[in-house]
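Right, one structure below, let's go through it.
A, B, C and D are the chain letters, set down in written order, and residue numbers restart from 1 in every chain.
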Amino acid sequence: MSFESPDFRSDISWSTPSAITVFGHDLVDDLVGKVNLGDMGFLELTGRLPTPGESTVFNALTVSLVEHGLTPSAIVTRMTRYGAPESLQSAVAAGLLGLGSTFVGSVEGAARYVQEATLDGDLTKEAAGIVEKFVSAKAIVPGIGHPIHKPLDPRAERLFGLLDEAGLRGPQVTLIREVARQAGDALGKVLPVNVTGAIGAIASRLGIDWRVARGIGVMARAVGLVGHVLEEIRTPTAPAIWREVDEAATRHHG
Amino acid sequence: MSFESPDFRSDISWSTPSAITVFGHDLVDDLVGKVNLGDMGFLELTGRLPTPGESTVFNALTVSLVEHGLTPSAIVTRMTRYGAPESLQSAVAAGLLGLGSTFVGSVEGAARYVQEATLDGDLTKEAAGIVEKFVSAKAIVPGIGHPIHKPLDPRAERLFGLLDEAGLRGPQVTLIREVARQAGDALGKVLPVNVTGAIGAIASRLGIDWRVARGIGVMARAVGLVGHVLEEIRTPTAPAIWREVDEAATRHHG
Amino acid sequence: MSFESPDFRSDISWSTPSAITVFGHDLVDDLVGKVNLGDMGFLELTGRLPTPGESTVFNALTVSLVEHGLTPSAIVTRMTRYGAPESLQSAVAAGLLGLGSTFVGSVEGAARYVQEATLDGDLTKEAAGIVEKFVSAKAIVPGIGHPIHKPLDPRAERLFGLLDEAGLRGPQVTLIREVARQAGDALGKVLPVNVTGAIGAIASRLGIDWRVARGIGVMARAVGLVGHVLEEIRTPTAPAIWREVDEAATRHHG
Amino acid sequence: MSFESPDFRSDISWSTPSAITVFGHDLVDDLVGKVNLGDMGFLELTGRLPTPGESTVFNALTVSLVEHGLTPSAIVTRMTRYGAPESLQSAVAAGLLGLGSTFVGSVEGAARYVQEATLDGDLTKEAAGIVEKFVSAKAIVPGIGHPIHKPLDPRAERLFGLLDEAGLRGPQVTLIREVARQAGDALGKVLPVNVTGAIGAIASRLGIDWRVARGIGVMARAVGLVGHVLEEIRTPTAPAIWREVDEAATRHHG
């Protein structure tokens, strides 16, 4: 393919001297002052603006992931800010780099099996197939279980409630609840649908492609990590973390 | 300082098995489903939730920066996605790394001179001092001028209008307009307050510390760059960019 | 685990006011001025200094990956430098983020199947098992094939020759050559061992864990990307790339 | 400028189906197996291969910066690896992002004042001008002073010794030693030339542009950070760091 090919194109946004168009909307007239930041995220992920119910639910998904205190990502952002105080964007970017398979990646995993399932048939049977696939591979079922929050993850339950209130209930939620129940039975544990599982299922309900579902977490944490830069400027933690870690890890030497 | 010091602390968020608290609010009961993603950004940057007027204005600031098409950041995100398709967060983080002094950095520069000015006195004189400082150093005045949008940047004017509608007009806007007017006179050009200047001035009005003002752009672009990953998955541009750039740049050789 | 646990430790390096120790060597007396940068890479990856033959071969692995012109990574580094000229490390880091599964990741894939094979038995049979596994999954065999360099990748052949000259020939190379031959037969194509395959096999011969084998490419490209920052400072390409890409991709609009 | 402009070009590397050329050298015939990784760094930074003496000195510069234990960068790399174990390059890139003004940035600062000085005149007077400039701005003189290593930084002294042994002594070293002496007098402290100052001065002697001098540190730390990924895989520290930091920082809450 070359620049001359009609397939080389972008339909997200374009500008003229007098207007900026974003997914077909005039940025200044139709978006700025009329929609919120979460709505823009929905627009980026689906190509259309959300209905009021979808807006509430999608914003709730992101809000639930903005902040969880001194996570590894927040520690990374703070340590990076210490070394490069002139570069706020580096501190945030460094923190985002840890949003891989261990944490936010499970949003993607959950959204994937929900989207690959047949949703207009026997959901109990679909769930059984999903659980069997992960359990037989001795793999963790994405979106299920939490080290602290059980028997129910309060964030997950809240999100499901909001989806119901918006009249958007769908088989995606029924399916992941059934996956959690059957996985718990298979493993002899209490396994709630956790917040990343709920987000994966609800994102699927909203039509968001599983291949970018973890982007919901990336958007949200970018917002939260800026707050950690600010607190780090005012009450630094990085020098103490460095000192304590270095002393603890090398105390046998030197 | 050590971990034992009372100064080693974070007041952003903490968890118990039953609750997650964020800036003093219960995440599940008070934030999820009640505030939007932009409001969370305001909360991270100021420590408090916005009033309805502040919510509209702050969301507008972020919405205006989410998307501007195939910027250098979007190109970086797409090229990175090509090399590491398994890592959406890397593609977004790479794109954010270009939000330095050339583009979003001017939000910080504008917010800084607005916040360092005396706002309850003679704003014409304050503006003169600001312009003199930059012009005598042969430096660009941050937040002023735009290669395409002139005599007025439509995004800047829209944001100022929203601030007025919310009853939040303040001397910060008067000051930066005066800076633009005087800088234009000094340089013999038409220099509008551009969108980054408007954001710097309005962020100052909202009480956001200039040291994290560019974080507004970082939050916003993180949202937009996820959309570029999605479009790149569906209609790739990176292989063609690679080919065209490599051929053009090395055509004299080999 | 806590900081008090004897398992919380690092044995890479520690300092006293008078000495810095790195993997048991005195940095100033034993390393600086006595070993080269590639030897330090070998030390980091194996915990010991290389023999002269190992030094030649390992340095050659890295040298072969330092530079390949205007790759996607180099373009990313240059675009990032344009947006954040104050932050050389951001430009290099952004470029490294594209070293994922598409390019350097195949070093890891090749090293993995070489290291998981039984090397003291029938290598033809081992190769058949490896090829069967990838072909039946319709997956690309890592380290095999190249769009430009065929029937042989000159960098791969050079590296294998150096290994022989150093008296370090081993079954790892025999195995990957056999994998390439059988994969070519199975797919009816000419598939050379490419440079990433050669590096994966040779790294295995040198005792480098496949889980960090792509680190050889990361070390090497970090060196090369600094050179692209320098050329970009002197003869910029980023503004032209931005303009050409934006115009080509959005020419149907506006 | 457009792709058609003769100014749009890259002279670093280009390929044909049979050869890869790097700064005019045939990669396979002239570089792989003949030069080491540090020599490639010198080539990227100066456009030419080093003499044997320059090779020893430049490799020594990089070797001195590869490893310094559990620095903030190493902690960042380890925390990022914990969240994204599938992405070694992300862990290394995240660690590099902290190589800003606080640490490696001083290489750049030192190289800059050395390169902006007049070196064929009165170096005592040149040094006085440099010290006056920083002291009057109440700024730290880059490359001078160390919290642990004093009165002399052993790495700096070793590097200066190697430069002498290679017959490359020059006014750059005399100047920075004089800067350190005068700065110490002015501030009433013992201020050695530290390792970053020595590297800045020696890089200047070798003809490396100050605008990319911090790249020496970036190259070196990329090598070291891969080793931290490997140790983190084998003996993890990140989960314990997370737990201890979170508990210490939020112990007043919840």
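In the analysis below, a residue touches a chain if its C-beta (ideal position, glycine included) is under 8 Å from a C-beta of that chain, and two chains touch if they have at least 3 such contacts.
These figures come from a predicted structure and were not determined experimentally.
Centroid analysis (C-alpha atoms only) places D farthest from subunit A. Mostly identical positions are employed by subunit A and subunit D in their mutual contact, as over half of the interface residue numbers are shared between these two copies.
Inter-chain centre distance (subunit A to subunit D, centres taken as mean C-alpha positions): 37 Å. If you average the Cα atoms of subunit B and of subunit D, the two centres end up 31 Å apart. The multi-chain contact residues of subunit A, meaning those touching 2 or more other chains, are 3, 8-11, 13-15, 69-70, 84, 86-87, 89-90, 93-94, 97-100, 237, 244-245, 249-250. Subunit A contributes residues 69-73, 75-76, 79-80, 82-87, 90-91, 93-94, 97-103, 105, 237-238, 241-242, 244-246, 249-250 to its touches with subunit D in the complex. Subunit A contributes residues 1-3, 5, 7-15, 17-20, 22, 27-28, 31-33, 35-41, 43-45, 55-56, 59-60, 62-64, 66-70, 87-90, 92-94, 96-100, 104, 108, 148-149, 154-155, 158-159, 161-162, 209, 211-212, 214-215, 218-220, 222-224, 226-231, 233, 235, 237, 239-240, 243-244 to its touches with subunit B in the complex.
Those residues of subunit C whose C-beta lies close enough to touch subunit A in the complex are 3-4, 6, 8-11, 13-16, 21, 84, 86-87, 89-90, 93, 97, 244-245, 248-254.
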